[in-house]
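Paired with chain B in one complex and with chain C in the other, chain A is shared by the two complexes that follow.
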Partner chain A sequence: MSPGRTGYLFALPVALFLLAGFATPIGIVAWYSLMEPRTFALTAETTLTNYRAAFTEGYGPPFFWSITGAVATTLACALLAWPTAKMLHQLAGRGAAVLTGLIAVPIFVSESVRLFGMSLFLMPGGGILAGSLRALFDVNIGTVLNTKLGVFLGMVYVHFPFMLFPLLLGVALIPQDRRDAARDLGASRWQILREVELPLAMPGLIIGALLTFVLCVGANAEAAILGGQAISVVTRAIEQRFSYAQDWPMGAALTMLVVAVTALVVFPALARIDLNKLIRR
Partner chain B sequence: MIAADLSMTQDSRPVLGQAALSLQGLSRSFGSLQALSSVSLDIEEGEFFTIVGPSGSGKTTLLRILAGLDQPTEGQLLLRGRDITRLAPNKRPTAMVFQSLALFDHRTVGENVGFALKMRGIAKAKRDARARELLELVRLGAEYFDKPVTQCSGGERQRVALARVLASEPEILFFDEPLSALDYRLRKTLEVELRALQKRTGRTFVYITHSLEEAMVMSDRIGIMRDGQLVQVGSPAEIYGRPDSRFVASFMGEVNILKVAEGRLPELDLPLPGTPDGYVVLRPEALRLEEGTETGAPGFAARVAEVFRLGSRVQLHLESPAGLMIAELPAETQIRPGATARVSFAPEAAHWVAE
Partner chain C sequence: MTAQRPRLPQTLRRPGAGGMSRRSVLGGMAAGLAASGLPGAALAQDDGIALLTWDAYADPRLLDMWRSQTDVPIRYEIHISDPTSVNRLRAGETSVWNFINLNNPWAREIMYPEDLIYALPRDRFEPLYAQMFEKFAMPYDWALSKDGENLLGVVQRFETFDFVVNSDVISPAMAKDEGWDLFNNPDFAGRYGILAYEDWNVMDICMGAGIHPFKPKTEADYAKFEDTARAWINNAKMITTDFVQLNLAMLNGEIDLYFTGGTYTASSARAEGATNIYAITPNSGPADGKGGINWIELNSAVANPAGKEATFDFLEWITTPDAAEIVARGNGNLQPVSQMAQDEVLGRFSADELNAIQWDEFDERIANAVEFDIVPDYDRLYDIYSAAIRDRG
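Here is the complex of A and B:
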């Protein structure tokens, strides 16, 4: 049997699983989005009413906040993860495993539990942050909980590992001699970062950014637990359509729009990188 | 007075009688490991200086300190009289060709060559033009300009690396065994070209290698390193003809080393009057052979163990009272393995070393 044929054969189980567990539901949702609002039939005439409503009936702000939040979180995570990844790479062995573990372990704890923990930290008055600041420095701050800042901090906290670990692989793709050569040829630290380190670590950076961005667009626990009424995100709107409002076609249309936005970001970015480079190294 | 004034300037122009690079007691230790111990040396303006040593002798450590990629734990480094010991590599007028070449694989040949100029903020049109000139200079040709580095062969990558360091117009170029990964013929070609380029540009080249043969072809002077120390510095002829230790002598290739005690060679039971205790080095070509074991002529008896025909000459492995010895004779010599011979040498061909 030719190697190409064997490859397809090996891919068959996962292909079947994706077809049944991923493609089919998306197909059903896509079809639902074309049905009349507040109906549950799948056999009626198709209509674009739901999509028209999505652009005219106040779903703009949730979309805006979801995407803005995702972009801001991705940027903040990248800025934080770059020096962390470089430090962990340089430590290699000495303590790096412990540090990596400390960053990874919280992933095993339920996200809601972590976010409730964070809400204790951010609570006004007797919260850990506000209380400590008042007791130690006699500084009074207002509340961070139930604000956009609170949501942003929660988003960065939850998604940081998803940026960090791919970036660690990316940073490992930069050979030390390339840095030395650039420095020897007159590059400053900043020029080395821009001309050598970033381009060479780009596969890791892109994967990390995609993971973070996609997860952030789909996140709603941060806004629900830390944001109070400060912010409404699109996932919350979708959830409400499906459950409380019992308007499945509208929820389906919003879902399809989120999928479209995500696809518009993911596919061009994936086309730019060679995944093999990241894995074979 | 004028000379004193000149040496006080910070200007990095050549000054008559002043070393291009002066190494003053450079030491480097990594924890308890002493990689370099007090290396002192003056490298002259426009000189091709090669540092030769086996792996682990500290030559790469030394070169990294010269380039500024590492700092000595003790000692000073002067560039034309100016202390640059702690100066960052990007502030030094020197450039290095790395053993791995360290080309930027995510860039084209032209972008690699123009890198140093880009770092200085020189406009694209100007640095592209310069990169094309340099590609011609290293015999690659301007048509390589847009080629991705990853599509270049080993020899082409060498030339790209060379053009890339030349673009920064360095006062001194460092080479960290850049030719070691190439096949023999290409290496020979590039050695000759590198030497020609050095003459043409008049720049100071500092080259490190573990191959003395490579050093002999290219260098004005050679420094031999061992265990972090510079054990002998001299012209290729001096190093070859007058090695000052057994280490340097054996590093140069196959030589015979015999012990001297009380004016004799005890291993061969031969007199060597007037020679102090120590060792003598005998080059293979200094040995003369006469087939048969007739006594009479001064010398010693040996049996021919192996015969290797090396084209221009014949190399013999001899079983002698001193153990294995190596002789080299003209190619037309007819001698077979198993033959016995009387071996002799002119006393003046024996080069004495203390240790």
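Here is the complex of A and C:
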């Protein structure tokens, strides 16, 4: 048997698994999105009513907030993760593992639990932050709870590790001698960052950005727990259609639009990175 | 009211029932899997029973007591909303579930006419109604088919569900008099929260708009509903599905009141001493002069031949004093149950616990509330409501 054919044979179980577990559900959702609103049958006449409704019945704000929130969170996480990743890389073997562990451990705790914890921390009056400041320093502060800023802080807090860890891999791709050479040739810090470090770390940065963006587009808990629904995100709108509205076709159409938006971002970005390069290191 | 003890189910009279067994352990594992969010259909169908229910019947103490006394496995899933669960049965999940616990109209109006639930043997279950409050004396319409011939379930939890105030800021007497107009009052803009139990929010907004929630609407009614929905949603300080967050926000002074709420959302905080969290049922409103809504849960047997007899046993067993007490304390939220008409059950609750459910005002609340019903044209109202939510931010 040729090596190529053996490769296909080995890939077959995974391919079948993906077909059954990924492609088929997406196919069902896509088909549902073409059914009449508020119906449950899959065999009726197809219609584009739900897609028309998605553009005419006020779903713009939820899409806007989800996409804007995802972009803003991705940028903020990248800005925070870059210096953190560089610091952790430089500390390798000298406490980096402890720091990395401290950042990673919260991922193992339910997101909702973490957000409720943050809610208790930020609560005014008897909240941990406000109450402590008043008790210790007689300082009264307000709160960002139930505001757009509260949602943004929660998004950054929850998604930061998803940017950091791929970026750590990316930063590891930068050879120290390239930096030294650039410095010896008179490059400024900004030039080293822009012309040496960023291009070399780009695969990690793009993967981190993709992970963060995709997770943020699908995020709902931050707006619900920290934001008091100060904004309505698209996943919330989808949930409403599937649950209280019992309008599965409309929920399916919105889901397909989110998948489309995500694909529009993910595929061009993936085309720009060489995963092999990242893995071989 | 006579307080005759219910007859014990057959399985409870079986000698040797109880104790730990492989089946009970497996049942526990199944319940754990169900709790972890796996769909019921994914679980093995055994000879146990499966509950599609509100939270009280998912209380681990209740499930453990059932398992230890009967050796019959039991698992559950908690509802999202009444119509969602009815649609699940319609979609074929009658083969998955055995017990369904929904608000009063669904059995009579939808589930029984559509053959989704069984009629119960009247000779076995009707005597249970004699041990409940006078309100439920037979013939009790919500528990009977439309022709009055068939008994469709067993009533247990019931209460009103309207709104909650911080009594340190808003006097309960004033709140009862003002009723839903409190949320129309611009002085309270930004001072209230919304508990996003959205089907209930729709009913409350009807009340606030001066519309009977359970009667057909005119175009003028829809316009009033939309104006009220947008005003209430835009003026809300916070909207959440978690009533603990709302209670904490009241205690921290962020908000002074919230809807939808009642002793179901207030009782656990009150039991811990926060008695300024106060459930209100308005003295009057647009629903035949009433402003409150009285929900009554009816426990029914899903039309699933597998486990039918065990389900009947369970329906009878939950009315026994020990089980009824746990249901009343279900998952930490104290709620009145119909068996509290019996001194033996009522006597199990301390003065503090009765204060937590504002027991002294219970009859007044029920008297001032219209009984829960299916909202005509709910879809259109919900679409208006959800559009207002989307426009909020």
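What we mean here is this: the second predicted complex is superposed on the first by the 273 of 281 C-alpha atoms of A that agree within 3 Å, B and C clash if a C-alpha of one lies under 4 Å from a C-alpha of the other, contacts with A are read in each partner's own complex, and residues count from 1 in each chain.
Criterion: a contact is a pair of C-beta atoms (placed from the backbone, for glycine too) under 8 Å apart; a residue touches a chain by one contact, two chains touch by 3 or more.
This one's a predicted model, so the numbers in the text were calculated from it and none came from an experiment.
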Simultaneous placement of chain C and chain B on chain A, clash or fit: fit
Of chain B and chain C, the chain that contacts the larger number of chain A residues: C
Which of chain B and chain C A:27 touches, first, second, both or neither: neither
Contacts of A:195 with chain B and chain C, given as first, second, both or neither: first
First (chain B), second (chain C), both or neither touched by A:183: first
Partner chain in contact with A:224 - chain B first, chain C second, else both or neither: second
Which of chain B and chain C A:95 touches, first, second, both or neither: neither
Minimal inter-chain CA distance - chain C and chain B, angstrom: 44
Those residues of chain A which chain B touches in one complex and chain C touches in the other: none
For the chain C and chain A complex, residues of the former touching the latter: 80-81, 83-84, 87, 90-91, 193, 196, 198-199, 236-242, 245, 248-249, 251-254, 379, 382-383, 386-387, 389-393
Residue ranges of chain A in contact with chain C within the complex: 38, 40, 57-59, 61-62, 65, 119-120, 123-127, 143, 145-146, 148, 224-225, 227-232, 236-237, 240-241, 243-247
Chain A partner contacts - residues on chain B that touch it in the complex: 67-69, 88-90, 94-96, 98, 100, 102-104, 106, 115-116, 118-120, 164-165, 168
Residues of chain A defined as touching chain B within the complex: 175, 177-178, 180-188, 191, 195-196, 199-200
